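Structures are listed in the sections that come next.
Both of the next two complexes hold chain A, though its partner changes from chain B to chain C.
Let's look at the complex of A and B:
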């Protein structure tokens, strides 16, 4: 009987999780629709957009640079055995560049962005919710989606694309420096391998992913921030949910976009 | 309970068009719990209504329904004119300075000249005793200062109806007295309609001309503030005297 009870409890638990996931997915979809509707016509609080661009973009540059530099270096380390075995020094630029531009760059920068900017955004909106600031906007007949959410969504999409561009450039620099230091390959050899074999399409492929990831991170963090219940504990839960949801979304979208463009 | 309860500034007969706030058959549930049931209430223009009652009786829900922050499950609510609201937590925007918080309603209107905004913000901050605090942010303010900034923001756009949710919660008696004096001065200057939800019966009775007692989702008693302590309802009388 006890094993039956435990099985029943597990089934109920799975059911509850499924319902919660479906509710959240639906809520995020509704928020996405509200954001899209608020852009027609595009009346935007410019000051709020600029404030978010600065907070999300400018302040993220140092950590993006650090992340990208190490990403580039570790790509070289991973390629080192292959390069040494086959003497394929000319392939370093192509191989690492392909991975960085199309996959590793947008993915890792997106995940880092989610952990930093997405978490901060969920915490900020969650705190605003539990301290009645969202109600304060509603009492002033101001649509919180138009005033707060749309600038944040746009800011995150724009900044993640820009951060990815910066990250791609720094990662390639990291590849060139690491190749020189670890494999004794001249940086120009790496550079020519990169420019001779990769094109604008590879670069834009990564940026398209970054734009999509930015939207996923923004919608996820905004949704969980706005639906906080339960004070400080609720804000903590919302931040956790936002980061996990964004990470899952990024991986799924990455798979989908890669599969569809393969 | 269906009864038309009217909060008026005077005992004279009031024509329906002079009501600033009208609730008819309003009900609200949260899940299985009924918070308000069949509330009908009219507040005349220029009246000062105090809403008192025990905790979890439905006072704040009533105020949020009037403000339009939540929708009723049944009934109708009409409010004539614009609404300003002072929240219990003040609801100041953390990312704006004191001056920007107060200016916010005017900025959002979109058609108020910048010079006029600056002038009205300065006047409001002077009126609440916070001239010189324009550049501070909410995290640098005391509880009483936050209330005063919230009051300035709630009234800067000259709303027709101002709603106050526990305006003196957490404040010491001296600051409480000052806040209610500010509310009186404001109301006397603008002549708008005010609704105050408060657990501080003594303080709210000094401001309001009419009191509504809300308990278990119903407006149980409405009458002049002067007669609260001698209310014919023993529950209301006991609550007001602190002997319930």
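Let's look at the complex of A and C:
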């Protein structure tokens, strides 16, 4: 029984995994419902929202800009083979722009945003939970969902959309710079290839993705932050679970949104 | 005048802090690499430490990597097919080009981004909570170097498992992409699953990337964990810094290795 492969243990572990996943998914759904209900008569703590927008948005600009620049350069390097093979310099702006606007921009910026803001948020809420500050709020008859969670969810959704806009612009700039440095293609050639072939639809497709990614990151990080147990170790574990579930839901939502809005 | 002086002081303090951090990171990296290269095979090692870390890094991340890379494969193939149907009827090339791109770049780098998320945060949280509960000081008092005891096994396990998981991730991504191509765009699987564009040099570049990413993640996140201060707040901050730091390290290494490979292999890459 105890030595080697045990079928019973395998079944038990699969069952435990399924139960844990179902509990977390249910908890996130309940939290989403609570957030939606608190927004029905739209009461909102404006000061908390502005504070979160500053902390999540303004302070993440450097990491988004750096990521987008590197992604632009990377795409040119991967595209170089095509260009050299077929001499298709007009394709650079079109191909990389299509990929950045619709796919790579929202996906990579979403992952980076989840690492910076989602993890930070889970850690902050987790620390509040561990030090009984949430219970303190409840004792003062302040609804933690309305006071803490709703501003964060809104702030993350707004911020990720704005960050994706900034990131798209910087990534295109990175493509133009890298293609003139590596492939000796004039930046304007890239720009015309980009403008002539892509429309507002491609841009909005990416922004719609960013909006749903923002909601997913916010809800998962708030859920894991609020359900922390067990001191400093628990906070670390909550951060870990928050970023992992955010990554899975980003990839899944990416697929869903591509399918629905294609 | 005073404003200018205060700004100067702040810039100086930031520069000093950044410089110290960079030196610390380099010293952790050197200690890890030296520790794993030399004294690990000579000196005594904790029994089963590498195997346990391999289990945590590899087996426990397998499902996560398969799911995320599978979805990414489906999305990428879908978008590429949309693009090719609009302009040229080049759907038959999608599978071969996707295989080439997966091996060359997307497979190792996306797997490593996922590992940075899962394993990086885990390492930093674990090491960080040991730091704030003064377990690291206890280790030092018993004459054990924390880097050698905690980070070296994770380093070796991560390198092996990054390569292994990249292969699984690529397979999932390719398979899911082929299914999407078949069901949504009627691409014949025999045409889609075409490896003719993948050359041995591409495989070498891919493996090199996976090894480099696997080495960078535990070093960066171990460094973040060792710097944790305070209590639960510090551990959370360390885990956050580890996710961002190691994802960013993956991105930078990806650009560097891709560039070197492009220069070395030339235009026909």
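We take it that the second predicted complex is superposed on the first by the 257 of 262 C-alpha atoms of A that agree within 3 Å, B and C clash if a C-alpha of one lies under 4 Å from a C-alpha of the other, contacts with A are read in each partner's own complex, and residues count from 1 in each chain.
Operating definition for what follows: a residue touches a chain if its C-beta (ideal position, glycine included) is under 8 Å from a C-beta of that chain, and two chains touch if they have at least 3 such contacts.
Keep in mind that what you see is a predicted model, and the values were worked out from it rather than measured.
Visitor: Taking the superposition on A as described, I'd like to know which of chain B and chain C A:172 touches: first, second, both or neither.
Guide: After superposition on chain A, A:172 lies in contact with neither partner.
Visitor: State whether A:135 touches chain B only (first), chain C only (second), both chains, or neither.
Guide: first
Visitor: Contacts for A:31 in the overlay, against chain B (first) and chain C (second): which applies, first, second, both or neither?
Guide: It touches nothing on chain B or chain C.
Visitor: Determine, under the contact definition given at the top, whether A:116 touches first (chain B), second (chain C), both, or neither.
Guide: It touches chain C, and chain B stays clear.
Visitor: Taking the superposition as given, does A:127 touch the first partner, chain B, the second, chain C, both, or neither?
Guide: Both: A:127 reaches chain B and chain C.
Visitor: See if chain A has more residues touched by chain B or by chain C, and give me that chain.
Guide: When the residues of chain A touched by each partner are counted, C comes out ahead.
Visitor: Have a look at where A:51 lands relative to chain B and chain C in the superposition and call it first, second, both or neither.
Guide: first
Visitor: Return first, second, both or neither, reflecting whether A:252 touches chain B, chain C, both chains, or no partner chain.
Guide: second
Visitor: Which chain A residues contact chain B in one complex and chain C in the other?
Guide: Touching chain B in the first complex and chain C in the second, residues 127, 131 of chain A appear in both lists.
Visitor: Where on chain C does chain A make contact in their complex?
Guide: Residue list for chain C touching chain A: 64, 67-68, 71-72, 74-76, 78-79, 82-83, 101, 104-105, 113-114, 116-118, 121-122, 124-126, 128-129, 132-133, 231-240, 243-244, 247-248, 251-252, 254-255, 258-259, 262, 267-269.
Visitor: What part of chain B is in contact with chain A in the complex they form?
Guide: Its residues touching chain A are 64, 67-69, 83-85, 87-95, 104-105, 108, 163.
Visitor: Within the complex, which stretch of chain A touches chain C?
Guide: 63, 66-67, 70-71, 73-74, 77-78, 80-81, 84-85, 95, 98-99, 102-103, 107, 111-112, 114-116, 119-120, 122-124, 126-127, 130-131, 182, 231-240, 243-244, 247-248, 251-252, 254-255, 258-259, 262
Visitor: Would you tell me which residues of chain A are touching chain B in their complex?
Guide: Interface residues on the chain A side: 51, 127-128, 131-133, 135-136, 138-140, 142, 147.
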